[in-house]
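Across the two complexes that follow, chain A remains constant while its partner is chain B and subsequently chain C.
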Partner chain A sequence: MQYKASFCLLTFGQFLTTGLEFIAVIALFHRFGSIQGWSLSQVALLYGIVGSSFAVADATCRGFDKFSDIVKRGDFDRYLLRPYSTALQVASYEVQLLRIGRLLQAGIVLIWAVWHLNLNIWDIALVGMMLVGTTCTFAGLLILSATLTFYTVNTPEIVNALTYGGVETASFPLSIYPGWLIILFTWVVPLAFSGYYPVKSMIKSGHLNYLSYVMPLGGILFLVLSLVIWSIGEKHYASTGS
Partner chain B sequence: MTPQIEVENLRKTFRIAEPTHGTLGAIKGLVSRKYRTHNALNGISFSLQKGELVGYIGPNGAGKSTTVKILSGILVPESGRCKVMGLVPWEDRKKYVRKIGVVFGQRTQLWWDLPVMESFELLKNIYSIPSHAFKVRMDEMIHLMEIEPLLGTPVRQLSLGQRMRCDLVASLLHNPEILFLDEPTIGLDALSKQSLRNFVLRINRDNGVTVILTTHDMDDIEALCQRVIVIGGGCILSDGTLTQLRKRVAQEKWMIVELQESVDFPLPEGSRLLRNEGKQYWIEFDPDVLPVTEIISCIASRTTLVDILIQDPPIEEIIAHIYREIPNVSQ
Partner chain C sequence: MSRNRYMVPYLALIGARLRLETQYRAAAIFGMCTQIFWGLVRVAIFTAFYKAGTAHLSMTLAQTVTYLWLVQAFIRIMPWNVDPEIRAMVHQGTVVYELLRPVDLFWAWYIRALAGHSIPTAMRSAPIFLVASLFLGLQLPYSIVTGFEWFIALILAILLAAAITTLLNVSLLFTIVGDGIQRVVPAISNFASGMLIPLTFLPLPLQSFIDFLPFRDLIDTPVRIYLGLTTETQTLFLYIHALIWIALLIFTGRSLMRIAVSRFEVQGG
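Moving on to the complex of A and B:
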């Protein structure tokens, strides 16, 4: 935290860019009233959950994003010489505080939506679980993309399409997308399990079923699976010549 | 006594992408790439007892660093067995690395932007070293390595020699049983080398730490190592004491004579002239075949001998001789 003014400005910038994005959404609803039966506050709930989860995951797992640099510099050797899990060390490589801007923006949208929808205590508990599930899913994605580095040294751009594309896609009701995209973000990357489906059951069917509470666990499972794959990939690490 | 380090038939190959040329090549490379495999290790076996100080030498690309990286749990070999203190380095990594210290001469293990002392404090936390033990150890090593004035300096501002001394101290803070040194004296001046060698010798002798040292500096070997393992092309070429190594390669000795004037003189069978600088002549001969007196009388018949010195060929020569014999098996 050496440059306070710079930090504040950058955070504010983050807040503003993502905020503008949501203003565009509001404008859209103003014109059309609803999207496939979803009202603005319902979409806002989904948007808020996905946005804040991504901000948290991205801030804490930044090291995985920069992992190919760590490997190219040969610093991963050092991580392997320390008596700790490498995933933990990479995660703590850098905490990206700049994401606070995004978290703030998405958080405000989320709180507004919760207040506007008059959610009861059980609903709010479910929102908490969804936040955990979605954060885990994004963290898992970042870990998986870093794992590819063990095999290719460079992280292919396609994985970024899944993370950043995932944020955009999962922020809105999945039903507006073509079928293959629904399958992708349900069964390959289980973002819909801790976002779209629970929200849908909560506000569309009016009453909650137990399944909604189970679904966000998919995100945790995804993270665990990613960590297992990470530890397999680690054995393929080839180091650099010296 | 069971050996502390047991390595059996270790193999490691790397897959290297063939470079492509030009824009077209780069595009082609996206679709299909040719790979060649490089056998870094071709079945290495050796074992070490606790407290040994072993030199591990070989030409560039021989597989020295690869061996050290496998033994320190960084790399996983293709095949082969490796047991160190009852553990398999890459499988029991977290438990294992607490018992070893590693120094890479080319790359610091310290935090680039932090003052040295803060790096040490961090390591104290990482290895959860008790405060008292940490203090005792620090005092001892700060004194031995004379790094007291450096403790407040950020690592990036240290000279290579200073950094190396700090790196060595850092690797020993958690009291490891084995110390791996990968080219620790590379690029150091004579004084730094000497202080480093003395320190390593002490750690080995007084604390019973097993040391494996890779180097290109034969003075390191001569000053430190009871045992030398020579590796080339991924195979072990020789394993034994320095004397055995000399014997294996050649019985020859060197005679360096200084004459009153530079003249041509005939050399007896079994000896040959290596070099001539002014009035100094280097002659190689086999003492088993040719008595020293015969060479001397040969020279004395032509001119007066001013000075004479008989010695073993420098270890550099021996090693270079072995390296030249390495078959090119890496392809």
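Moving on to the complex of A and C:
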């Protein structure tokens, strides 16, 4: 926070980048009207949940994102010596405040969508649960991609297809995608459980569906699972340093 | 002979980049898979939109799909980043050594940026182009003539991208203002180049503003020529549009660099 002007500009840059992305989405709705029966505000709800959750997960799990640097410098050896959990240490490596720009942008979209769709208190509570579930899913994904680093040292770029690609994919109703993508983002990376399915039942059925309140727990389960895999991968760690 | 001697250092810069890019073949393959993944997602989104109704659209779905794949194939044209090596040089102050080299600093940086755009673009585009045209709905150019015109537009796009990147690199020499430029320009270029959505889908008033900006010549112009959506006169006009911007950006970059260099203060011995 020492360089205020720089920080403001970086935040603004983030805000502008994702803001313009959303303006492109608005332009498409303006041109086409709807996407598989979903209106702009309904898609905006999905977009807002996914976008703000990713911003929070990415800000708090930045260390996992940068994990290959930590391994390459040999810094992980020091982490292993300390009497704290390694996952917690890596997570606290750096809190990236720059994601505030993205959070702000997605948050505005989310609030607009909630207001525009006239959601009642139960629905808003569900949105809260979906935010937690989606954040956990993204956090789990970042941890899993970092776990890969134990084996490969470099994090392959293709992992970005799952994180950034997940943000893009999950921002639209899942049913528009080919089957393999639906399976990928339902059963491999359970983003759909805390986004698409609950939102769909909330918007399309009109009455409370208790299953929707259980589904976001899938995200928490995924996070726990990825932490378990992390601790397994950790045993395979071979230092790069001397 | 003497002309050749002047070119040697610039050619060396291109050679260095070529060696750097060919070193990480696995990274290139992973990168290609990522691009194809993105392409598939975006094609699915647009296909679903087209099903909603196709009133007043200037492009067919097949044309839009081709557009989206060309974006993925030529994505490395986009001027997203400053050169990390130049950034390090500026932060550590070793940038003053650059002044000792017997080449014009602006052109050296420009050639560097040119290599940084053209070589990755050539390496990434060919395999994606091949896969997408064989299996994923990328159409071939509208005609042989538009194919040729497209190639010229691509070269202009790379010259333009290098001019923008060089300007971003020069902006490193102006700390705070530069920080802003390095954030805002890539964000706007994503939107105004056609990378996010084909520019024809934007509302008209916005389109006419974007038409004025240089960014559309990075992606939208080559693709529209490729698809045969422009008349001969329009193509010529678009070339001139790109050329004017290239000249303007190079002039601005050079002038700014001259100002920055005249303010350099060398500390220490």
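We adopt the following convention: the second predicted complex is superposed on the first by the 241 of 242 C-alpha atoms of A that agree within 3 Å, B and C clash if a C-alpha of one lies under 4 Å from a C-alpha of the other, contacts with A are read in each partner's own complex, and residues count from 1 in each chain.
The definition used in the following text is that a residue touches a chain if its C-beta (ideal position, glycine included) is under 8 Å from a C-beta of that chain, and two chains touch if they have at least 3 such contacts.
Bear in mind that the values here come from a model prediction, so they are computed numbers and not experimental data.
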Who does A:181 touch here: chain B (first), chain C (second), both, or neither? second
With the two complexes superposed on chain A, say which partner A:16 touches: chain B (first), chain C (second), both, or neither. second
Could you say whether A:27 touches chain B, chain C, both of them, or neither, answering first, second, both or neither? second
Looking at A:204, would you say it contacts chain B, chain C, both, or neither? Reply first, second, both or neither. neither
Counting touched residues of chain A, say whether chain B or chain C comes out ahead. C
Contacts for A:35 in the overlay, against chain B (first) and chain C (second): which applies, first, second, both or neither? second
With the two structures laid over each other on chain A, which partner does A:78 touch: chain B (first), chain C (second), both, or neither? first
Please indicate which partner A:239 is in contact with in the superposed arrangement: first for chain B, second for chain C, both, or neither. first
Return the residues of chain A at which the contacts from chain B and from chain C coincide. none
For chain C, which residues are in contact with chain A within the complex? 26-27, 30-31, 33-34, 37-38, 40-41, 44-45, 47-53, 57, 176, 179-180, 182-184, 186-188, 190-191, 196-197, 201-203, 206
Note which residues of chain A are touching chain C in the complex, please. 5-6, 9-10, 12-14, 16-17, 20-21, 23-24, 27-28, 30-36, 154, 156-158, 160-161, 165, 168-169, 172, 176-178, 181
Counting only contacts in the complex, chain A reaches chain B at residues 74, 77-78, 80-85, 235-239, 241-242
Applying the document's contact rule, which stretches of chain B touch chain A when the two form their complex? 14, 65, 69, 72-76, 90, 93-95, 97-98, 102, 104, 106-107, 109, 126-127, 182
